Amino acid sequence: MSDNNQPVLDIRAVSGGYGDINILEDVDLKVHAGEVVVIVGPNGAGKSTLMKAAFGLVQVNAGEVLLSGEKITNISPDRLVHKGMSYVPQERNVFPTMSVQENLELGAYIRKDDARAQMDRIFDLFPKLKERRKQAAGLMSGGERQMVAMGRALMIEPTLLMLDEPTAGLAPAYVHQVFDWIRAINDQGVSILMVEQNAKQALRIANRGYVLATGRNRHEDTGERLLADPEIADMFLGGR
Amino acid sequence: MEFLQLTYNGLVLGSILALGAIGVTMIFGVLRFAHFAHGDLMTVGAYVALTFVHWLAWPIWLAALPAIAVTSILAVVLDQLFYRRLRRVAPVILLISSFATALMLRALVQIIWGPDNQVYATGISIPYRIAGLVITPDSLKVLGATALMVVVVHLFLAHTKMGKSMRAMSDNVDLARISGVPVKRVIFWTWVFAGALTAVAGILLGVDTRLIPTMGWNILLPIFAAAILGGVGRPYGAVLGGLIIGLAMNYSVLFMPSAYKLAVAFIIMIAVLILRPQGLLKGISL
Amino acid sequence: MNYLGFYHYGIYFLTTAGIFGVMALALNIQWGLSGVFNLGIAGFFAVGAYASALMTGAPDPEHWGGFALPLIVGIVAAMLTSGLVAFVIGAATIRLRSDYLAIATLGIAEIIRLVIKNEGEITGGVRGLTGIPSPFNSDNQLVMLAIVLIAVVVLYWLADRARISPWGRVLRGIRENEDAAMAAGKYVTRFRLEAFVVGAAFMGLAGALYASFIGFISPEAFKPVYGTFLIWVMLIAGGSGNNVGALVGTFLVWLVWSFSSLLTDLLPGGLATQAGAVRILLIGLLLQVILLARPEGLFPEKSPPLIGRSRKTRGDIQQKHS
């Protein structure tokens, strides 16, 4: 086990993007064990890119990424899954022609053991999925699909769950629920890093937040203090 | 009565198309390209079986086993030699490569087995007549073998980890990758799977008609039509699409010259591409 | 081969190479310039050949046509008919992904061949059309060669102008990002359709020249192997996107193809009857090797800013993911 001060995810001075063109410039970010960390900022700030860089989906050209002290810079996603990292993309995050249960089974692909116990835990978290376990994921509503997507990512019992705009495109009623789920998942000991457009609500449940703009760190603080900062509210959170 | 006979014949042709289309649709779904050599891979399967039938006097069902093995291995070898390397360049180059592969396979068949018509079994088998319907023993073999294969395919795709992985990759490659599905291994087994089905489809085509080097190429367009009608990447759709195309091609003789059967498959395909590009089973599970 | 035989063969070789050159340039407008994937070259070639043969041929009670008109009328008819067929098929399918366009064009070529075979009252059916006159009814082979070379030069000039014109720039931009282009909708579809129709019309022109040169056409001549596959090998070998490359590729591949018959003549008895198949196997292998070893061809496209960079990044991303 790593010592207590060692962050689960440690992004150090990372620059990167697609090919030689850097979208991120010298960005730092840490997620400590048990934390919910949210990345906020205006459109095009590089929020999702940062998360993808950590997950090996975007090339890191400088700096390094550590997972519980182990260097994982530019390691491909299929290997990171084995190290306990899970990622839920913003779009196309379910297998549409496959049933809910099959979606979860695929999430457990790398598990050698019977993942039944974990599936039951996920069904406890999302009872609706249990009801509809035979239904094709592509036929479900946006909110239900988000449950399937999170459920799939949780099947490996990750130490770090990364969510890319989990509330994007959802009805307002669902947005609240998604944040409740995230809290519930976090309560089970999973560290969470997420990118969110609904910055205010996200910051309310977050331990800490990072404000990103034009691919660089702007601010880093606890969720409460970021919410309270009038300058940040004006610039990034769409007024008060 | 003619209608009933056409329906029966349509189901027989449709069975063969269905088996070919499952392979095409899985390659299309998993690898994202239209495999133009699929028809000629069928031809290879049919001729390998012919060799065992003629030389060793094996029954056709036994000869199917080495034919399946050879065709599957050949499919994997073609992927390793040509397609695998080209996937990294540009997807569309794969089309040209598979077109070249198609011609090479056909040339190879012609060199090894000769350009003339051949059959598995000579002599005339007496057809059954049931309620005016003419049913040849060979056509029953085709229907029976197809039914068996569809059950096997279903069990594989719905109940094995590899089968589910193939469907997952066909649904969403990126998500499969980030879920830890070993993409390369799934691609390998997809070729084995498609190769095996292709061999069976080729043999059944040979049983139903006769063997010529162009047999697979001639049926490629209806197979693509079946795969597109059923929805690309949808194995169950491919079966449905195959049967519909087979029926439509046979019914068409009621109101146009039989020489234009192929055109019927083509027109259905174009109509689907324009009106419902996701195919019949859009938004339906399985 | 004596001196005279060599001379005649040389003229024959150059004329056929020129006709293939027209097709390679036409394919280059579609694929090289615009990324429009056409596996039905043989179909448009056939339509042009038949349209021209029916216009220029002598009257024949066995089939329709035979108006004994001059070759120029045949050429215009060939280009219009091929262009029209391309317009109809393209209007339906041009906005689709390359795979579907490839299947659709391959299909239309097969259906064209079916129609030619079965509508004997118009096309002469499987027996084909005979007695198609040479240009000006001249016996001099050099006349035909001259006309073919003029067609090559004119098309080369037009294709090169098109490449650097605003129209060509738009097309190349579309080609480089098919997904974005698809999303952009109607405007893009029109440009691609134009390139497809123009290319097909020139394939029709090649058909008209071919019919007049050989004097006899039948459905057998328009199988995908010769009509479609060889042209693709020529363009890829020479370098798609590059008009000089298209012509050099045509010349070299036609040279290889023609002289491969010398090679297959050396085969032992049994295989000699399969010479055609052996040649196809070899040329297929040649294409695979080119695709693997030098996909940009002998003469890569000259506008690196568009293609060079995007290829590289696309490769990078793919490699990282695989």
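By written order: A, B and C. Residues from 1 in each chain.
Just so it is clear, a contact is a pair of C-beta atoms (placed from the backbone, for glycine too) under 8 Å apart; a residue touches a chain by one contact, two chains touch by 3 or more.
All values derive from a computational prediction rather than experimental measurement.
When every chain is reduced to the mean of its C-alpha atoms, the one closest to the centre of the whole protein set is B. Relative to the C-alpha centre of subunit C, the farthest chain centre belongs to A. Taking each chain's centre as the average of its CA atoms, subunit A and subunit B sit 42 Å apart. Computed from the mean C-alpha positions, the centre of subunit B lies at a distance of 29 Å from the centre of subunit C. Averaged Cα coordinates give subunit A a centre that lies 52 Å from the centre of subunit C. Annotation for subunit C: residues touching 2 or more other chains are 321. Residues of subunit B in contact with at least two other chains: 174, 177, 183.
The touching residues of subunit B, when paired with subunit C in their complex, are 28, 33-34, 36, 81-82, 85-93, 95-97, 99-101, 103-104, 106-108, 110-111, 114-115, 174, 177, 183-184, 221, 224, 228, 257, 259-260, 262-263, 266, 269-270, 273-274, 277. Those residues of subunit A whose C-beta lies close enough to touch subunit B in the complex are 55, 57, 77-78, 81-82, 87, 89, 92-99, 102, 105-107, 109-110, 135-136, 138-139, 152, 156. On the subunit C side of its complex with subunit B, the touching residues are 35, 37, 39, 92-93, 96, 98-100, 102-104, 106-108, 110-111, 114, 117-118, 225, 229, 232-233, 236, 271, 274, 277-278, 280-281, 284-285, 287-288, 291-292, 295, 311, 314-315, 318-319, 321-322. Note for the complex: subunit B touches subunit A at residues 161, 164-165, 167-168, 171-172, 174-183, 233-234, 283-286.
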